[in-house]
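Take a look at these structures.
Across the two complexes that follow, chain A remains constant while its partner is chain B and subsequently chain C.
Up next, the complex of A and B:
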């Protein structure tokens, strides 16, 4: 077992190193941080731009491999370099990752759970009105771009605020700066973004789960369970749903990592400054070190997701536990 | 300071929103009569302080989070930094709405200029003026800043050396409170110098200059002081500073918070921020109009829209062809198309240096800027481009131009389509080339990979200093910001003379002379001065669409209940 873990960790480390290095090389050769300075008016003196870029290890006149060596050496020591604006990358990465986590954790989990329940229920009630309603609802959500959904929610919340005359909903940022509102204020600011994430996540997982559930609905083991005296509902929940959850759990683990990075629109529309926003802004700015750091974190997250998926699999699937 | 406002990608996002079915009701906005004689220079609801209450918080969204707070550092010279620091740092000079710059009495009691035998400016510093750490503001601060920004010491990573490179030395006057600045060469825009002023401790030490203001504002001298910088929520709070010796600030605080432009309209509608820049796109503007308790303040902004022609491109090397293209473009129609939803009077801009609202503005467009397709045809015939079929050809080549537009910008695309249709009438083929918005300058405009490109420049109260790099003749492949890649010795001389002329009236005359030369070479076609539409809470005073007018932050406030 220990050998297996060591092997797996080594394997993972190699993968992370490869993914991060390739991203760095791609970003460093494709992005043009110099343009960030050259577009200014008045344009800064050329010598100053060169000095600043060199200090940030972003100078395109330094050979790519030398820049890579500097960057990689830093990463090995835990130093991810500095952003184009001169801010150390590592602390910013943590700040941003935690912001994303706070923004998305509740919504992602809640959305997945609701989606699984809705999907399972829809499958059990296949072709009845309840199923149809869930299907139409989730397709409506899935076909709406996230930022439109978010703005629609904002418009609705604004309307409610107007009608009641009280500002029930607030959504700009994580909290109101300067206001002594404490945890309650943070919760209030979480409502709309969480709702956005929940809706999207539930729609995706609902669809997925419904199909998985349909596969097991008439499976032999469900019928066997019923033959042993369980009601249909008991058989479906205890045996059917459990089986159908295995792929969902894997899927959830893998999506979670990407949700952290992919929540760009949710973050932008609600004014949270997390990873998604950072990645997209950094690409726009030509911020090589920031892009590389996000890629590195993404690679780590995917590996962790893989491990988490395996564990979930082991818990849900008795054959895995019993087999070895 | 960020000049190229071509990157308003959020407008595309919001346009999409409208298309996706969000109903935005269009209330009857105040229509601007076309015959309105002048564009409003500034609209800030000027109100005497007695009618305002003491207290309140202004919540002001900003587009990005600054890291470097030294405005003179290459990383710090940004519009957002300037917006915050104007409340905190000593900005010794302030422009009025016509772009006329005067000393701020809290910092300077007197400023005297001597021109003969050489330019000497004597600043008499107000005896009350102190840095927030208690140190008096003295000639030493001037001397250190002049030295640091001169460009002579490479260790200072300065944003620009303009003007400072002309200073020979800074001396002590009769007292420490007097700075005598001696120029080696005359400099007309000397009022742009020492604003903001940084303490000698910063400018005297390259390490402090480069690193001492990263994520902090260690010292200030203004009506506000920086209270907190929150790097997680990306907010900067400045609070009234009791040590300020001038009129105390009316507001308790100003909270600057970073927000994506796409997020601001919603936050503004819900009363979570007090300011919304509604000039960028029509849907934000309409949303702002519908917000209860808010008004849209409107003034002619300092930035101007234009088309730049690449005179180094084979099709456009001949000045007659460039003049023909200009004559074939109906500038008014372009301005109408761009501005039609913004309730803004349509006025084409006739000057490359001065804006309509600026002292010295004159319409120099003359014959060259007039829409005249017949003249265009004659010029093209004379240049040897003859009609054969739909388009003109010469020596077997068709006269076709690449009109480069950033792909996410509807406004540029529309301009391209209009120009395409207009030039088609005179037999010139225009191909619209959409390019990734981030690549526009980097890969197309800077290397000269275009024929025509539309974007905006930012006007300043110092037209020669800020435009010299745009129109100066390229030297040895260094085009600076002259994306037309052409110039003349005569124009360079005209700009140099204007830059050295210390009499303001005479300088304006010389700048207009330079402008006529720019018109003649037909490289940059000004379209219009962009409107500044700022939605704010209706009871906010001494704040709004400011045009060239620099705000006195201590006077910003909310109306007292009785005065409402």
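Up next, the complex of A and C:
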């Protein structure tokens, strides 16, 4: 067991190191931070630009491998370098990650729970109107890219605001700058982006859970439970759903990468200054160190999520425990 | 997105007899969903490739007498702020989405089949190396890499096809590998090997047909994923970029003013959603028609 864990962690560490290095090399060779410095008005002399770029370890006249060595050495000491503005990357990364977490925490969990309930319900009422309604709804959401869904929600919210004459929904940023609106104001800003995340998450999990639940509907253990005197509902909830939930728990961790990606769209569209928005803006600016830091964090998170999935599986499924 | 070291939750190898030819067509057409999806797809193809010949305006022309005009007989989907015809721009985007979606799906599924079958059948070092590459690509943040490569790819949009395909084959390859490992111990494969059939021939003649349904279903789902990925990249300015047009760029341009000038956003968004919906419907219908062990739908 211990040997397995050590091997697994080593494998993960190697993967993260490779992924981060590849992204850094790619970003450092493809992005053009020089353009960002030359665009200033009045246009600075080439020597000044060179000096500034060298100070940030971004000078494209330094050989790529030397820049990489400096960057990698820094990362090993916990120093992620500095952004184009000269600020250290690490504190900004944590600040942004927290903003993203605030936006995502509620949405992903709520969406997954709603999706599981809807999917299980749809399966139990297979081919009835409720099932068809849920299936059509999840199909519609799954076929709508996040950036279209977000705009549609904004349009709907605007209509509601107009009809009621009150600004119930806000969708620009995390709070209204300069206005003393307190917790309620923050909440109003949170509704639409959270709803976007919830809808997508619920649609994905609903489809998945329905599929799993259909497999256990006619399972022997559900029939046995009913023979023991449980109603169909009790048998399905206590025995069927519990079994069908095992793969979903694993899946929740698996989909983490997609959640990160969706968050990027959601943040950018709703003007939240989170990690996703930072990444997109950094790529546009040519901010190599910031891009590499986000990539490193994303790779670590995806691997941790994978490990969490395995642990969840082991806890929930007695067969896996016995197998070890 | 799966993660190394764990089995794929949905990747059960197909055990039942493969469904082929006329039987498949019949079962597929028996599904209202699949028929609806196919009809939608046909309509979208017609619109994308016949539409430009019917409309009066080309995507490159600007009509300076009509700036931000609503839809009319002259400009079917209205015009943009600079007087470009929204119908022409949208249809050009739809063409790209269709071409990119289909070719990415074919390329990524082909790659997945090749890598998965070779890794599963050969085992040993080949397996370890191929699966190592698969794991690495799974951990690499795909959107980020594509965004960084954006300036290079945007200059020639067909380059988006191999770039997108490079990040879409991994999960399928893992499923194919699992299925191959269980298939290669079956009697018909053993018999072929005993008769001295070469490994390449075993893969093509005996394993590939048995992996067919898995590959077809996954390939169909990849079409929708690729369409969304391309439009997403273009939406953020990393894929196809103006003045050339993709559904993503049209939507990005129209999204800011979606309330006041709905035609700038609505048509492109609706076509994009319809396209992905059609592909997903066909994919879901295929899953039910091909995989009798699957839980959903008609049994």
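Structural remarks
Just so it is clear, the second predicted complex is superposed on the first by the 296 of 324 C-alpha atoms of A that agree within 3 Å, B and C clash if a C-alpha of one lies under 4 Å from a C-alpha of the other, contacts with A are read in each partner's own complex, and residues count from 1 in each chain.
Note that in this section a contact is a pair of C-beta atoms (placed from the backbone, for glycine too) under 8 Å apart; a residue touches a chain by one contact, two chains touch by 3 or more.
Remember, predicted model here, so these are calculated numbers, not experimental data.
Superimposing the complexes on chain A yields a three-chain arrangement in which chain B and chain C clash. In the superposed model, A:268 makes contact with both chain B and chain C. Contacts of A:284 after superposition: both chain B and chain C are touched. Look at A:16: by the touch rule set out above, it reaches chain C but stays clear of chain B.
Of the two partner chains, neither chain B nor chain C is touched by A:188. In the superposition on chain A, contact is made by A:95 with chain B only, not with chain C. Legend: residue contacts after superposition of the two complexes on their common chain; A:125 is shown touching neither chain B nor chain C. Contacts of A:43 after superposition: chain B is touched, whereas chain C is not reached.
Once chain A of one complex is fitted onto chain A of the other, the partner contacts of A:154 extend to both chain B and chain C. In the superposition on chain A, A:242 makes contact with neither chain B nor chain C.
Once the two structures sit on top of each other via chain A, chain B runs into chain C at 59-67, and not at any other stretch of 59-67, 113-121, 167-175 or 203-211. Once the two complexes are overlaid on chain A, the chain A residues touched by chain B in the first and by chain C in the second are 144-145, 147-148, 151-152, 154-155, 158, 268-269, 284. The part of chain B that touches chain A in the complex is made up of residues 1-4, 13, 16-17, 20-22, 57, 59, 65-68, 74-75, 77, 151, 154, 157-162, 214-215, 230-235, 237, 253, 255, 257-260, 262-263, 266-267, 269-273, 292, 438, 441-442, 446, 457-458, 465-466, 469-470, 480-481. In the complex of the two chains, the chain C residues touching chain A come out as 1-6, 9-10, 135-136, 138-141, 143-145, 147-152, 224, 228, 231-232, 235-238, 251-252, 255, 258-259, 265, 269, 272-273, 276-277, 280-281, 284, 294-296.
The part of chain A that touches chain B in the complex is made up of residues 32, 35, 37-45, 47-49, 51-52, 83, 85-87, 92, 95, 98-99, 144-145, 147-148, 151-152, 154-155, 157-158, 161-162, 167, 169-178, 268-271, 273, 277, 284, 286.
On the chain A side of its complex with chain C, the touching residues are 8, 11-12, 15-16, 18-19, 22-23, 26-27, 30-31, 139-140, 142-148, 151-152, 154-155, 158, 208, 210-212, 214-215, 247, 250-251, 253-258, 260-261, 264-265, 268-269, 279-280, 283-284, 291, 294-295, 298-299, 302-303, 305-307, 309-310, 313.
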